[in-house]
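One chain, chain A, appears in both complexes that follow, with chain B as partner in the first and chain C in the second.
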Partner chain A sequence: MIRILTRVVALAIAALLLFALQQTTPGYSEITGPITQQGVAGTRINARSFTLRVEKVVLAERLRWQAFGRSYDRDTGGLWAVALVEAEGTPSTATLGGAVWQAASGLRFEASQRAEQAGGFLRGKRLEPGLPQRGLLIFEIGRDAARGAALLVSESRWPRLDTQLRIALPDDRIEQAETLDLDTLK
Partner chain B sequence: MATMAFAALRRSLASKLAIGIGGLLALGLTTAQTLREAMPPASLPVARAEQPIEAGRWQLVIRNAGLDKAPRPDGSRGRPGMKALSVDLDLMNRSSESSNAFSRILSFAPPIAGLSPSPTAYLLRDGAILGALQPGLPERIRMVWDLPEAAAIPETIRVVVTGETFKPRDNLLAAPGWFNPKPIAAVTLPLRSESSGS
Partner chain C sequence: MTDATAAPPIAKSPPNWRRRCLWALPVILPLALFVQAREPVSTWAGANELFVERTPFDRPATLAGAEWRVVSLQRVAERPDGSAVALLRIEAKVLDAQAVAQPPCRIALLAPDGRRWQPAFLTPNEARRVLSRDKDEGKSCGPAFLGKPPVGATVAITESFILPAAAFATADVTLSLPASRPRYLRFARTN
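The block that comes next holds the complex of A and B.
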């Protein structure tokens, strides 16, 4: 009787162990996912192929800029978040392919294509070594996504086994504006 | 001796028969289940225009449909010899990340002959081609399909909304994603006349 009982208990323990192993095994996309490097706005952070420093973030209701001989005026159902950054390719030329605003709730807002024509829009631009560039990363975010957010920046849009900077944005680096003229930022 | 051999034969025959019948039953059941899942639902839930519809990663409110030759929201006129069938809707991204996978959420049943396979989406706020929609930010957009000038089109159209389901881990890469597109609802819309089109 005791022997049968110990066998049953041993089986149950083995099943539990296997279940726990199965549940905690990271998936393929997690194993080969981005390699996060933490940082904070204001400091220079090195990724594998570029360095980046977030100077400040401006939250605005409207954006305005001049391009192609005309003036652009863009409003939004949420908020515009404009990050002023300085970036440089190291040790060789790199492209800034991925820029995501990650809200405290986990929502991920990619750099907005609505503001792509603005001068200085850095997503998709080439960064040369030894020539630090100041530019903008512009996001269209929800109103409740502004505080406690982080910036995720990487060389490719969907980084795999490559650095992804995760730059925390403390409140003292965030400014507010009603209408932001992007041409005054640079 | 002979009776024992006979009994053994009968037992083995019975067990083989049972295995065969069981296997066939299982096969039949799974086949029936696969067929049932592959079939479109007999009747789609009917939604009204101006009513929010939840379709997987999108929430949409279909406003109206029209057939017009007027310039599109970005000022372009489309190709010569073509007219445009447009559907105005409010679209909101319910997922957790920016997405531009909105070109297949609307289709027409019965199909309209000569229609371009996928629409061009315009963001009416900017009057520009829509790039991507940010999570939780609804936008009024216009989807425009090209149609030959001579094509006949009924007075009312039936728009079918396709939705996908979320999988926290897909089968290939164990990555989260939206899969298995299925018709969710159908909306019957009268077509705006050409003169009142914007």
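The block that comes next holds the complex of A and C.
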């Protein structure tokens, strides 16, 4: 009788274990998702194919820059967040394809295409080893997304099984401006 | 009457299949892993440059259906930011028209410390001026083989690079094609 009872208990435990394994198995997209590398603004952080350092972030109501012989002005319903970064491909030539502003609430803002003509816009630019480049990552964000945010930067726009830097942006690295002239940041 | 001296038949115990199956696991598991992983591993190896074939910079070498020769590696300009624009000219004498025409071919400059520079996507102005002066079409590796050159033809390939000026003197040229990978050629400045 005890023997039978032991077997039944062992079977129940095995079934329970299998059920727990089934419930906690991560999905395919999670298994093959980005590999997050944590960092903080001001320090140099290494990804698989590039290194990056966020010098500072400027929040502004309006952007201004010169390109193609004329002046451009852009305003926004929210805020412009301009990150001044230094990046280098390592050990091989790389391209920064993914740049996302992640708010504390989890909302994500892709780098703005409205400011792509600005000189020094770094997304999509080639980064050569040994030639660190200073440049800008520009986002258009909601007013409540400015504090406690992080930058997500990766080589491809939707990284799979590849590094994605998650760079925390402490308040002492954030500046404010009414109108930001991007040409003064270079 | 029965023969009392005949020996009784020995009772043979049934085979212990549970034990046999357990013993088979160390063989079957690696075998299953090998069968499952063979294709992805081969695809991965075919996409990477793993085994180097070193050759002196000024000597031709055969790889993936062609005889390759570095014609020149010139520093055509230096920029104020410390970078240099390099222009690489390579010739390929076709030995196997099918193998050599499989894209994509990969050409890069490789420093002794492992840094690797890929060809510029758009030819820099400094290199374009030199090409125009030399009346060179400046075809990079992919377009150069688009016309499927026949066996015996010599194909001229030009690539331009942007790299630190200090790294130019020691950078080797590496080259690989789908038909060669995971093997690749390294035209080394020094042996």
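Keep in mind that, in the parts below, the second predicted complex is superposed on the first by the 163 of 186 C-alpha atoms of A that agree within 3 Å, B and C clash if a C-alpha of one lies under 4 Å from a C-alpha of the other, contacts with A are read in each partner's own complex, and residues count from 1 in each chain.
Quick note on the criterion: a residue touches a chain if its C-beta (ideal position, glycine included) is under 8 Å from a C-beta of that chain, and two chains touch if they have at least 3 such contacts.
What you see is a predicted model, and the numbers here were worked out from it, not measured in a lab.
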Scan A:G119 for contacts with chain B and chain C and give back first, second, both or neither.
neither
Which holds for A:E30: it touches chain B only (first), chain C only (second), both, or neither?
first
Can A:P170 be said to touch chain B (first), chain C (second), both, or neither?
neither
Let me test your reading of the model: by the given contact rule, A:L131 touches which partner, first (chain B), second (chain C), both or neither?
second
Could you figure out whether chain B or chain C reaches more residues of chain A?
B
According to the stated criteria, A:I141 is in contact with first (chain B), second (chain C), both, or neither; which is it?
first
For the complex, which residues does chain B have touching chain A?
96-98, 123, 125-126, 128, 131-132, 134-139, 169, 172-175
Report the residues of chain A in contact with chain C in the complex, numbered from low to high.
90-93, 126, 128-131
In the complex with chain A, residue positions of chain C that touch it
81-83, 108, 111, 114-118, 120-121, 162-164, 166-167
So, in the complex, the side of chain A touching chain B is made of residues 27-30, 74-78, 100, 106-110, 112-114, 116, 140-142
